[in-house]
Amino acid sequence: MSGNTFGKLFCVTSFGESHGPAIGCVVDGCPPGLILSEADIQPDLDRRKPGTSRHVTQRKEADQVRILSGVYEGATTGTPIALLIENTDQRSYDYDKIKDVFRPNHADYAYIQKYGRRDPRGGGRSSARETAVRVAAGAIAKKFLRERLGTLVRGYSAQIGPLVLDFMDWDTVEMNSFFCPDPSRIEELDAYLTQLRRDGDSCGARVNVVASGMPAGIGEPVFDRLDADLAHALMGINAVKGVEIGEGFGVIARRGSTHRDEMRPTGFLSNHSGGVAGGISTGQDILCSIALKPTSSITIPGKTIDAEGQAADIRTTGRHDPCVGLRATPIAEAMVALVLIDHWLRNRGQCGDVKPGTPAIAAEGVAGEVPSEMSAPLPDDG
Amino acid sequence: MSGNTFGKLFCVTSFGESHGPAIGCVVDGCPPGLILSEADIQPDLDRRKPGTSRHVTQRKEADQVRILSGVYEGATTGTPIALLIENTDQRSYDYDKIKDVFRPNHADYAYIQKYGRRDPRGGGRSSARETAVRVAAGAIAKKFLRERLGTLVRGYSAQIGPLVLDFMDWDTVEMNSFFCPDPSRIEELDAYLTQLRRDGDSCGARVNVVASGMPAGIGEPVFDRLDADLAHALMGINAVKGVEIGEGFGVIARRGSTHRDEMRPTGFLSNHSGGVAGGISTGQDILCSIALKPTSSITIPGKTIDAEGQAADIRTTGRHDPCVGLRATPIAEAMVALVLIDHWLRNRGQCGDVKPGTPAIAAEGVAGEVPSEMSAPLPDDG
Amino acid sequence: MSGNTFGKLFCVTSFGESHGPAIGCVVDGCPPGLILSEADIQPDLDRRKPGTSRHVTQRKEADQVRILSGVYEGATTGTPIALLIENTDQRSYDYDKIKDVFRPNHADYAYIQKYGRRDPRGGGRSSARETAVRVAAGAIAKKFLRERLGTLVRGYSAQIGPLVLDFMDWDTVEMNSFFCPDPSRIEELDAYLTQLRRDGDSCGARVNVVASGMPAGIGEPVFDRLDADLAHALMGINAVKGVEIGEGFGVIARRGSTHRDEMRPTGFLSNHSGGVAGGISTGQDILCSIALKPTSSITIPGKTIDAEGQAADIRTTGRHDPCVGLRATPIAEAMVALVLIDHWLRNRGQCGDVKPGTPAIAAEGVAGEVPSEMSAPLPDDG
Amino acid sequence: MSGNTFGKLFCVTSFGESHGPAIGCVVDGCPPGLILSEADIQPDLDRRKPGTSRHVTQRKEADQVRILSGVYEGATTGTPIALLIENTDQRSYDYDKIKDVFRPNHADYAYIQKYGRRDPRGGGRSSARETAVRVAAGAIAKKFLRERLGTLVRGYSAQIGPLVLDFMDWDTVEMNSFFCPDPSRIEELDAYLTQLRRDGDSCGARVNVVASGMPAGIGEPVFDRLDADLAHALMGINAVKGVEIGEGFGVIARRGSTHRDEMRPTGFLSNHSGGVAGGISTGQDILCSIALKPTSSITIPGKTIDAEGQAADIRTTGRHDPCVGLRATPIAEAMVALVLIDHWLRNRGQCGDVKPGTPAIAAEGVAGEVPSEMSAPLPDDG
């Protein structure tokens, strides 16, 4: 397995290069009977797609998805669903000048060490373009989770470069192209990114994802914990260098007496653990947070080597995002949704007839007992 | 797959409960011809084992490992290696009083929701005791990596509760039971943990792992990136709530112009990315950092519910670590080693005869060009 | 994956060599709540075990199984079930003389070509002894299938060397050590095998397995068809060289007009296809038949080479079965049961809430319409 | 895993329905640097394609394959290779009349029991059309095996209905549309099939596949034996009901003294075992034989039920093969090739640096010592 298939029961096999004829994927294991058409998938693709604002790459891709199989008379049949997205705006000439030079901190050099060759057009397989197929597959997972389980998977930009953004409400997130959750910060964000582009530089970002309404009891106890598989899914997104569940790195300095999520018949009194205990969901909101690095494709010249191993200087032009995190929210949502549906199906396989004697309690307890830091979907410190 | 098997080519299948007759694992896919005996495995088990200091659980377990198969005349044969560790000190009575009460933030409640039942003795399958078999399997992986590839996988405690510990040298790490890398801080650590135990409370920890000498070109480009699989492996350790590769969350506020790891024929000029680019190793040190939460098994009473869903109070006595991070270093090393050997074998399977035209460059470049923050194996901010 | 793990959701990982300290396996993915103890497993092990008649190897093994994990208070918990069988009668000296000579048609030479080394004691990993752990794991699967689904998995010897044995009834099968289904043939069988042993020779066998009461709709339509996975399971048994489903090779000369299994609301009118259509169960009896080769471990001298590649002659003494098929019935049952439970769980994962509009029809139709060749569980020609 | 992905390291994920817009697959894990274009794949597709003679379905499909990814400048890059074949001749109206009636011995009824719904157009996913993508993926495997290992995978029709066809030579096989290996029988075959079509009936077939030049030491010793995986691959082809390796069912009545394949430094003296011992290749020809059932889609009316479970009669018109075995040879070759490349890569992963002390011996021994039945690639009795 060369790592292009994701999931155990709900499996996504991805293919395609940035400047090949098409990208796409095969979704295997989707339960039959889910109402599905391209219209269910396209909106998430549009949320991710390039060219939505002047701060993201100006590549013009329709990102129009076609369902090639697995759907009959408007519903899934249980057989593989192939999704195809044609590449239409492949300006390969942009990349000719860097064909024989390794962009620092890009996959170029590592690909040559592994494969002995690479498709240099637009980064080939390592292009962020590959994430479009994850978003498409994730849209199917999100629909199933929403319609069958009442589970919502939603994300937002929690930090762009130095600008920490507080969560206000979900509607705001969808009303700006930065996935910014605070309407009062959008102007500032815009100014910051404008200056960044003028500097020819890039910045990092933090994206938070919240899955609410996930039933308790989903996950596995040892290697494939729900949080471990979330970490695998999220760290597998281009540019991600850190993953947190619940309080994440905030737990280091915390004491057990304040961290443990106490319980009452009316519900949990806090959610420091981010909805997962012992690798299994608790029924609380599942809280994930990721760090995305600044892209290395910037116009400030940098030191590197060429294909012969000789010293070279590089200045990446072409069409690039100054902050890849700006388009990462739909991708992170998709990866979380893929993990959740896979574990839900895995659990149904092994434990489909389990009736726990203890009733599930509410995600949140009685008023006044929920710690204030949980009033936002994720604590500020992640 | 219920998540008890780890790896694709070098596969570890774990079994066992804290208070059952034994724990153990089956290691499948180990290359033949590796010199191996129990003496190669026991030292890492001894590093992890309970009772090594007064700050870890006083359970007395010999943690003596037996090889049941896969080794003949002192070398691996290529067939499955079964490892068995008998449980000898099972004081189940400690747990009777909490049998019908869910310890907050433990796996108890989630297990019941998933399985409808659980083995309550010592946490059963969710006990940290399970990690002993990971350490045992990891010792085989570490030996292969060291002897065949010259790769060293080593970890240390980078933070215990509020105490941030600077890396000094590897010898120090092994000379104290805290895996503390700075000899000047050991007394302070001891005092802090003594007070913590007196308070009946617990604290979190950060553990860093460095894999040096890993060849370039190992990993996969999309879902199963080397860093994604490291995140899966590390987040799958009990109590871990955050994983970073290289600079981790430090990348958010950083600019691309300072983050990208520039290259010269003499080597890389920095290692902000932690030895992985595009999911594939670069030949630099692979840098991982994890956050472990404070254990919830503390003597300060807490609010919870019982098996009938009624309100209850709990005060965990029994034998527990006030800081589970204290014993996590060998476990984290093991998980990293398991990922590295698995990906090295996977790469040999697909790309075993690749001869890259571009020569591999050194992990570090010429003197004076390596950023100061890399003088320690991991930057302070993780 | 080095092929020692079987199954996708109900996973068996096997380990152990013929003359190592123990053999065993880990069963992962068993649903929780199944009543289970060693007493549920031992009877099948006793059916397979050596020394039951003078026609099978006289090695004396208690084949006593121990459950090491995954069972608490008499029921499965959903966590891995480790099974251990210690080797007690390891007369390795029998094998010293053949240590440096490859037994023809044995795994010896192939192992050396693959691994460069092997454990020669009793065939090491390639010994039929390994099949004991399959029988143990299969006993768990059989219990689940029987108790939860009402599915019975039963086998018998359909041919021993030239002696074709007609199916009479299941009780007979269990009342002789040959798994012979016809009481009138036992004396003849005994005489044949006695002569075979005197000749220092061996013979092949056919074993049939019938799974009755399996629900319709279980299996997968393309690569992992139910019959494909049965073929994988059965061809993976030592010495098996052929697998048939339903009429098997009998279909070649048949015409579609007589082969197709017609249907009526009262049930199917025949079962030529052996209970599988398009890779998915039909609700009819699932009919499998396998061919086992004569063992090559005979006392008639044979031509071979030694470890240096030089010509050598070999005469295998030691303890061997003149017909390995004599003990194959419980093994074949186990492998069929493992496939069925795995596919049943896989189906529940993906299709657990499907309610087919068309009611399932009976496995057999109205009297008089069932073709006569189906009065025996399998047609004579397999 | 819903069974649409085949292989562990060389993985083929298939998708598509008979009358959807397209069928195709993703080939993941192909080694980089293999020269590849559509021209390498098309010839095998043309060998399988409908409409090549008047005895196969007259559906007109160009079966034109497009490579969508994974190939750059004429060679594989190591990333997933997506193959797409558009469906162009979808005469769905042929199937409308059978939409609500289950064709006996087809997948129709089983699909409804499993999924609760199905795509009835041309059999949907269960159509033999799906096998085109296996042929396409197999062509890549065959090219790798041929160019890198010198392994040839070739098949032929060994029996059509009652007509047993002796192997003469490989050139003959490719010079007629029946894959008949004996030029003297072609007229007879043509007459037989003509009569069969006039009768509105169908017949079964036997196809043999021989892989020559496969290195010794490839395979796995327990569950995933090379022959077990071959059985899985071959039984997973539509209509296959039996699989044999080497002598297959002929071993039952054979004695060990004549069956064992003796060895001399100059080579093996026979190949009864079909090139596999203990699950691992011996370096001899790998011999496989399969039985394909007569298709149930015939014009002779048959008894069945409809979607409401009521009795119905059916008479399949549409375009169908009277002998599906006529087009099965390229499919069987493809499946064998997929198993061989997968196991070769798996072996390189685990054992890539093994140097066996014993030299590999020749596939066949000195002249005069090879038993006569091996002069044909497969013994007559299969």
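A, B, C and D label the chains in the order they appear, each numbered from 1.
The definition used in the following text is that contacts are C-beta pairs under 8 Å (C-beta built on N, C-alpha and C of every residue); 3 or more make two chains touch, one makes a residue touch a chain.
This structure is a prediction, so every number in the text was calculated from the model and none was measured.
Contact with chain A and chain B alike is made by C, D. Looking at A-C and A-D side by side, the one with more C-beta contacts is A-D.
Mean C-alpha positions place chain C and chain D at a centre distance of 25 Å.
As a whole-number value, the distance joining the C-alpha centres of chain A and chain C reads 45 Å.
Averaged C-alpha coordinates put the centre of chain A at 40 Å from the centre of chain D. Within chain D, residues 1-2, 4-5, 8-9, 14, 29, 32-33, 78-79, 114-116, 125, 221, 346, 350-351, 354 each touch two or more of the remaining chains. If you check the complex, the residues on chain C that touch chain A are 8-9, 29-33, 78-79, 221, 345-346, 348-354.
Residues of chain B touching chain C in their complex: 1-2, 4-5, 8-9, 11, 13-17, 20-24, 26, 28-29, 32-33, 66, 68-70, 72, 75, 77-82, 84, 114-119, 121, 124-125. Residues 1-6, 8, 14, 102, 104-116, 125-126, 130, 159, 161-162, 196, 201-206, 215-225, 227-236, 238, 240-257, 259-265, 269, 272-274, 276-283, 291-298, 300, 302-305, 307-311, 346-347, 350-351, 354-361, 382 of chain C are the ones that touch chain D when the two sit in their complex.
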